[in-house]
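Order as written gives the chain letters A, B, C and D; numbering starts at 1 within each chain.
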């Protein structure tokens, strides 16, 4: 309740600010530029951020996370909790109440049947729903009455805010998607590109992978919003061009996700046409250590599997040395600037779960050298350490991306300073993150000694995220190289903590366990070496007001409140 | 390799060269251009056989087929006693030195990017193991032989006049001491003033080196000048063959008669006897069923339309393929034809 | 026995002794008269030496980072901007990680030139070979040209990915990471760029093989392989030269595009193309970072083009005589 | 000649089928995954279900035959339905893109206009510039004009479009503010103002591409002209007293055009292939951008269809080049 009221207050202030000067559609057109173009308006068929965020203009969930990661009701009256009785005492059900009087953009009423249908749609056999994970553990969704819907889980669920929460899980109209269940889902092109929604805008023209034009929803629940009559949602190009169009030429009002080196963004912002905004969610750029041996000399099928422990990296002292040899400040300065801060944590937020671990923040080459000496790695003639005739040489791979290649160069220099030879490799992102079981270059295969990328968790609960490092989630030839335990961690101590977290109910206890797990993975064992806590960086024109960058939900979550500053 | 007058150096029997025609969507073979359709020839060592005929009658094809620049359809070719008609191109290689060719267009037949020395030396480097020095010496020798200044050995064809280029071509043909040379219209592309020079050169070389020529030309007077015997071709076949004087003086075939009548005569009084051929040359893809000349022959009668005439002796070594020469020809037509023939001989004389 | 119509060249009756030299001497004489080609040749030698010997003259490690010394401007910036951050130890400045631009240009030149020449040579060989075979041997024409169509139609990127997938590890094992990737890139660029050349060569060969001098060579008994090398190839030199010149440029550019797609050299391997690509983001603030590698590429290509022009003239006796 | 054309067309069917199959196998073999752009937070089980929904769990030959059927049966039927208002294909599944989940053909159709406008115009402009430059450069070989032309075309060829494009944007959009840096694909030209806007947004991409095309073609043109200018027939024509202009325009040009026409005709399919980098730099979002994004997302139905259409165009323009060859050079016969 407390959370809710503060947020209502904040929203109220915004609402007054805009309502005073605007009525619906009075501010004309707003131009949004996403350098990855929108391909579909249905988040259940594509998990791509660009698609989810474009869809968030039209279709809405029961509740969203605000910029601080706190839940705000959207279609729901309020956020159900154990305290207000919305969540059952045994934590197996959650009951949502819809706001009364809600209508779809076609004028029909929003009912609990639509919510139930949404669940059926995503869980239908053969539909390939991208948000299936949102509904894991859900055994039933039922309409209690016209405006009340109850979600039942298969067991006590301390964090029941998965289904129908956040941009990934909006409510779709049962009438429109009725014929699109299961295998027929992709064939409903009209429904997938022109969804009927409750959001502030409706699609007027959809050109896949190019541009979406939207107009204010005449039936939006707040009669004064949105201030803009139309939205042009253009896609394509690259981050640099997107930034330039907002910050330098002023052709566009909003540019998404400017993954650029800080000096480049700074240079563009100097033109004075727009503002760069950043928000922090749970993204962490990290280096992951491979605990298994990826040597190409091993037979295919045994390479990078638990059968062969890594000859160098199984030694915790080596891993620690590698971690503390890295100068994270310089990486941040060169590659991220305001969009990042050095971190030692895998779970950087929310505060409840973020550990105070800062051990790695100061580069300590002496200690790193000492650790390697202690581990028996002695410097050879060319300055590279050796042990038993083996050189301390690592293959370091990441996806192709200008900033990552700069970071690779920096890390390589740091590691060479402590006598570690580093071979760099970059793999095209489509292949690296593609998960094709036949490709040797995916991050799941991990045919390298260390690799670097960013991962995060959705929403504000890290349980599933931390539970990924379980023995049974190790990618292997048997599992078709699928699995989230990229580092191939298999430790009973950690397994016990996973079970402990799953059983814990009290937020404080959960936070404490999560911190322990985080520390075990990072500080204690250095299997995961976090580098940078990454924020999202976007830019908006100085004439665009109301932008509140959100890293927990769609960036455009509050577009209904955007307005034009004259 | 017997040589001498008794055994011919070149003997061609039943030579056929058909170029297939493919047609339709499936590219099936729908017919053939019968460029050469069964000819027999013999050329004695040291002799020059002139081969005359209109453009497109297949005379160049005969020359090329005899040298096996084509894979022939049928027939036998013996040169110096060796059968080369069926040899593969690789197996032919050792036989190439004894038979060479002089081409019609001296510009086109010389590679513009090779020096004269390289062009003349190419056959040498292909077929001999001469050292570079010996080869140069031989090239110079050949250049002398054809009347080219040795100093020009390093020059390129475009730096020469047409006549000189033809000399280069002749020198190339001579490089390997061939016994038999096919001269494929060697003077057609040259100025009149130079034609004589080249022909004289060819004759001189023949005398000096004992060469045997197949001299292909449409120029009857030049052939008369150089050839010992002459063969006349029409539409892929030889219609008449014989010693030069006999053939020029008493042409037996109506086609030869027509051809000879068209030769410009120094005496304008004789011009009234000119026989003008009318009608078109039939396509070699679809020759008439009987005598090929039937469509244009002013003596044609029924048998000519159905039966192909074969070469038959007119006089010693003089043969022609015409039904008019047959005793069995219809009396009336035969009479006019028989009377016609001598009259044309009169005209031609 | 002299011709009445001897052209001026012969009528001038050149003294016999002057022609007793090798044809290559002629070629060189003609080449020397082509000023552009001569300057281009000198430039090419210079830039090759610059790349080859540079590391001994300019002993900064191109990969040495010095973040505190980043974004140094070239020394000449001081001429008009007294406040610019310049340093004699980095005459062309440094990049955003403090890597020396001059050292990178030298190192990049080694790789770019090597890749450019090798890929161009391989693609010229492939294109010429296939073009000549298809043009000369009627039986091979259909299959080879359909194969060319296939190669033209294949989407490049998946092809590259598949080649990387199939051969990267074995090449890396056989030749080490650097040479392995070099061979792979050269081969990849070559096998995806020979098709146009093959078509052009084939067209020329088709016309050429009907020329009488080819027939003449056959009458001599010259076997096909020597007819091709002696008579056909020299006469298709001109389109090959053009394609080769363009091929060198596109090989250097393609290499940078490969890096951009994550299929090229590892990121700590500078090449001119990659230096140029990386610098585009900061083009307005640090123009030197695009100008220098861009100039290196353009001038090299220009030089090769002039040399090609000069060579073509020099190798064509018809022009040489003029 | 008609049978020649027919025969070649008929022969191209097996060729195209082979190309289609090879491309399909290539795409299947290529690493990458249609789910590569999905966030890492999607767990493996869900990914597996998504793959199954795309039909990825079926064997390759089933996928290939399905595509063949859809391309050669369903899509033509849809076309017939659209034209005549029939409903032959009403319950047939069309080729659906894995990225957009919408019919591939519709997307391609949407992309055509901007690609043809920009890339086609650039090609046209490039050819129109290149031919006179090539002619003048060859006729006045080693003149100032030739030297400058050579310099510009070499720079045009050797400087990548990702650089020239951004350079133009920095100059004309950022600093001068004259031209838009982002192409509006939805612009409807219906009056002078919108026509002017269309022209303005086309100037930069067309200039970048045209420079590149012109560089290439003018080189071929020049080389071909030079080759012909030294031929004997030119000397003969001059000797006959034909005016120099007529020699060049009537005799040399016609013969020189033969190889150049091949180069030009063979380049036409690349128009439909789009210009990947230029389209990306200026956000034209044409076929090139569609292809590259489909490849990066392993959208096999889209890549396969685009590549196949591209292959058809290549085969077709090869044929056109050959026919043109014959028209320009009567010595070449069709057999």
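Keep this in mind: a contact is a pair of C-beta atoms (placed from the backbone, for glycine too) under 8 Å apart; a residue touches a chain by one contact, two chains touch by 3 or more.
Because the structure is predicted, anything quoted here is derived from the model rather than measured.
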Higher-contact pair (C-beta pairs counted), C-D versus A-C: C-D
Per Cα centroids, the chain farthest from chain C: B
Separation of mean Cα positions, chain B and chain A [Å, integer]: 88
Where chain B and chain D are represented by their mean Cα positions, the distance between them in whole Å: 53
Inter-chain centre distance, chain C versus chain D - centres from mean C-alpha coordinates, in Å: 25
Gap in Å, rounded to a whole number, between the CA centres of chain C and chain A: 46
Contacts with 2+ other chains: residues of chain A: 240, 428-429, 431, 439-441
Multi-chain contact sites of chain C, meaning residues that touch two or more partners: 161, 165, 260, 280, 284, 316, 318
Shared-contact residues (touching 2 or more other chains) in chain B: 158
Sites on chain A touched by chain D in the complex: 33, 36-37, 39-40, 42, 45-49, 126-133, 136, 183, 185-187, 189, 192-193, 205, 207-211, 213, 234-238, 240-241, 244-245, 248-249, 251-252, 271, 428-431, 433-436, 438-442, 453, 455-458, 464-465, 479, 482-484
Chain C to chain A touching residues, read off their complex: 63-65, 67, 70-71, 96-97, 99, 161, 165, 169, 172-173, 177, 260-263, 266-268, 278, 280-282, 284-285
Chain C - residues contacting chain B, complex: 1-7, 9-10, 13-17, 19-21, 23, 26, 211-213, 215-223, 226, 230-231, 234-235, 315-318, 320-321
Chain B residues touching chain C - in the complex, by the definition given at the top: 64, 67, 69, 90, 92-93, 96-97, 100-101, 103-105, 108-115, 122-123, 126-127, 147, 149-156, 158-164, 169, 172, 191, 193-194, 197, 201
Chain D residues within the chain A interface of the complex: 29, 31-33, 35-54, 93, 96-97, 99-103, 107, 110-111, 166, 169, 173-174, 177, 180-182, 185-186, 280-283, 285, 289-290, 293, 295-298
